[in-house]
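In the two complexes below, chain A is the common chain; its partner is chain B in one and chain C in the other.
Showing the complex of A and B:
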């Protein structure tokens, strides 16, 4: 089938090529920096005041070198690196020493997924619906008012906006908790009390993401709709006496939503890098927080694990867009 | 001839673009005191240079006056029944919408982008039809659509494709077929042949003529191409700077043009066997926002007299089918 040969196979090839290149870069970068993680680790151990016999020191260095995958030539290391990846093994975290990276990521991922999936979905849906209506009725007063509000919200730096929300609602009026994803000491379970606790903790971070993300979606959708509204095919449908509900749904929204679909898929792909600033400001235990701590502590294996995840996440999102886009826009079919 | 039934009539029609340019009002007098009487069962051509207000006049005739275009004065009458003329400028938006396609239909310029790119033509047809008829008659009209498509020599699978899969000429034909579908009493064409090469142009012109012959309705055709007018139109109105300056049957316009502007237009056409270089109209058309005093053509007119600079001439009726607004021809009727 020509679809397979012309469309699917080149894109799958591209997909794996990008992942391979990304992972190779992830492999190379730490090795190109003058920072030797083994010696750094030893230095830290010494800094903490532990003294070791020379023989024991050599043993530790050998063990660490093996654990970091730094044995042999780069080619050997590269091969070993892929073998480990194929087994789904990212090694152990250095900072939280014997814990495997896999386990750390697995604990952080549900928090990030739950927070970002819901906020991305809500801000996309709400922002696009309101933005679409505001774009179509751009001359109306309420549309201008909403536009002015979005204009004020959108340029706010996110960290200032999030921090102000935290100050106002967690410190000044104390409606919401100031840190964390759940109360200290709460035991994860499917009980109503625990779920309520988690929801209560997630309201402020979610709100900060929804308001800003919604404002962005609102503004772009409004602009797309206004542009589409002046397209010839919309004018022509009006001149053909097509009813307004048909024009709005099948002519204006249907065409204006196309770039927004791409945007949605890309932001879903970015979920796997976590919401760095949100998680830091609200001390939320997700992937972003994990990555932040890994960078601060020079925890290479952990950085690599999260980076790999986000490379795969984003390229998969792009692949999904590529494969589903012809379904939304017939013009890109069979090309 | 004058016992012919007028189907569309304007009285002192004035439609201006009112723009607010940095606090000062700018008025472009695109349609200025136009009196038209267009008969049933004829093809009426409107000719003139770019920027003379042709398209705006068409929009006004189509009763599609939307900001920044404003109806400053005058009336537009459609003959709905046999002896009932209604002033359509007073209709509600919903009443206007219902007249479109059923009573008066529009053939757009540049069929490139007038069809919704994400819908198959069947769906576009469906939208146009369903907006005007409901229930059982909808299916009848679809059957009619198929019959009409075959009659007009379009490929019978034309409804199963997307607009981008058709050539420009085919798209133009589809818009003409769609305009004729509900057997409207008036069809309005805005440069329907302009974007096409001459071979396709000929086919499209023939199609328009066939439809008119078949439906015995009225076609109002705007184009700057005098060659097209010579082929299609029964009567021609020459437009200059928002005004009709000469109106006559096609034979009289081409055989005995009286207005100096019309003479220029005719003389600039190439003729078989004549190897002289064709001269064009000297100068360029005036800005509609800043019209010269008196007759707007006087700065370009080789026969300009004192009175031309001061006063706009009225129409002089040369015979039943020929009227001219020029001081060289007569005083005119200023009533």
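Showing the complex of A and C:
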């Protein structure tokens, strides 16, 4: 009962508060920026060379105002915004008119989820295991070598790292395909050939996310383990003759893994943004690529839809990670 | 001087220091550039590196070496504005939240936690879409600063929280030191090394985001930065056409810049570890 009151309820309250804040920010951004999105759209249309009769122009302005939800006072707009979101309605895409934003996102999301979930899981697990071992055996040569490699990879932003991998493995040595989620003209099916093709195309994007994410986990885990290693209970266990395997797995890594769970939750937003950027580098047909096309076409509704969905998705994912925390930390459970 | 000598013993510090000196020198060279970076077709197009054009020329008819000097300078300007302004916000929020506590602390930490959680990249895309025509170096720097303070505010707050419990705080308060003076004179020296190494990290973050936004075409592409240079090189298919001197210049410059900034920040923060500092002062 106390667990529910002291941990779960405040956490859920915070969850809804963050979503509220994030969505409010998305609502405010176009309204606080100095130019009117409707007039900007009209300007862009004119810039593309389309001419319209004066009467038709008024109609378009009215439609656009309605679509952006810019009618009435801010309070009215804010209420209407929430009502629309509650119905799961993100409006229609401007440049693939009149396809709803929802539909475009729905076709892109499986790609992103598949890439994101597998790479995050692999980089977290592998990064922590190797980092933990490297921290425990920090004087060994291989540990130092890995540390030096991580020191080089860690600071690179997603774009630069993914792009360097692309240059190296798709142009210099042509081991992997350059772009796309599957070969051109391949028909989606459950056949082995198609699945193999998709996997083949996803190796480079996945690899770039795994290496970069893994380097971060490796470094932080190594540091935690080194710190835990010098604590007196570990020294005591060593003197007491507890086997080394048991010390590493049950004493040291078990303790050091706790901040890593919190760390994973905190960095999910960045990992997600990184995945979008990586998709753009490799033309991988997920949300990132959809975002890229939306930017190129000036499709503001689509960008807003992707952003809103991402905010809800990421905060929920963080909530889920946070709620697993008590399983790992008995202190939270019994306190 | 002794501090510097100690720092140079760390190979990472020596490396990053040398790289940064070269990069800053490059940025300064832009002031004596023979070409105007905004003009096109001032030199023959698509020339390989030669004695005349050290890094060749690009498809816009610009000299890549001199273009790179402007790019480095502008990227540094954006990131310095972002880093310094966000530092100011982070220090203010961290100190107030840490010292005041209570609901002020809770509200401020809620906002900074939310900023950490929300995919900021998408927020920047939305913002840049709408203000693209106003986006100069200063506006972009400020935009990054407004959203880039959250993590460091948290770090500074936790330092203040731990310092507030120490004896010298009570001694200072009992002997009549005002809050502002206490925070600035007594707490800042403890927080300074951390703030400095976070500043370097924040600068790297800002450069990285600028590159990403520029690749997406969300900044003014006529202002040369590391990002816009890459954007033009990609736009003209310089990889497929084999113009390696063009695409590799911004890529290699950024690789060195990011590694140097990170190594500088780690070597300094390892040297100035607050724990060892506090041990030296005697807790």
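Quick notes on this structure:
By definition in this document, the second predicted complex is superposed on the first by the 300 of 335 C-alpha atoms of A that agree within 3 Å, B and C clash if a C-alpha of one lies under 4 Å from a C-alpha of the other, contacts with A are read in each partner's own complex, and residues count from 1 in each chain.
Note that contacts are C-beta pairs under 8 Å (C-beta built on N, C-alpha and C of every residue); 3 or more make two chains touch, one makes a residue touch a chain.
Because the structure is a prediction, the values reported are computed rather than measured.
Within the superposed three-chain model, A:63 lies out of touch with both chain B and chain C [touch as defined at top]. Shared-chain residue A:255: touches chain B; no touch with chain C. When both complexes are overlaid on chain A, the residue A:298 reaches chain C alone and has no touch with chain B. When both complexes are overlaid on chain A, the residue A:315 reaches chain C alone and has no touch with chain B. In the superposed three-chain model, the partner touching more residues of chain A is C, compared with the other of chain B and chain C.
Contact with chain C, but none with chain B, is seen for A:276 once the two complexes are overlaid on the shared chain.
By the document's definition of touching, neither partner reaches A:76: not chain B, not chain C. Against chain A, the residues of chain C that register as touching in their complex are 12, 110-111, 113-114, 116-123, 125-127, 129-131, 133-134, 204-205, 207-209, 211-212, 215-218, 230, 239, 247, 251, 254-255, 258-259, 261-263, 266. For chain A in complex with chain C, the touching residues are 14, 17-18, 21-22, 25-26, 29-30, 33-35, 37, 40, 151-152, 154-160, 163-164, 167, 171, 266, 268-270, 272-273, 276-277, 280, 291-292, 295-296, 298, 300, 303-304, 306-307, 310-311, 314-315, 318.
If you check the complex, the residues on chain B that touch chain A are 62, 64, 97-102, 105-106, 108, 110, 112-120, 123, 127-128, 130-132, 162, 164, 175, 178. Residue ranges on chain A touching chain B, taken from their complex, read 231-233, 235-243, 246, 250-251, 254-255, 258, 328-331.
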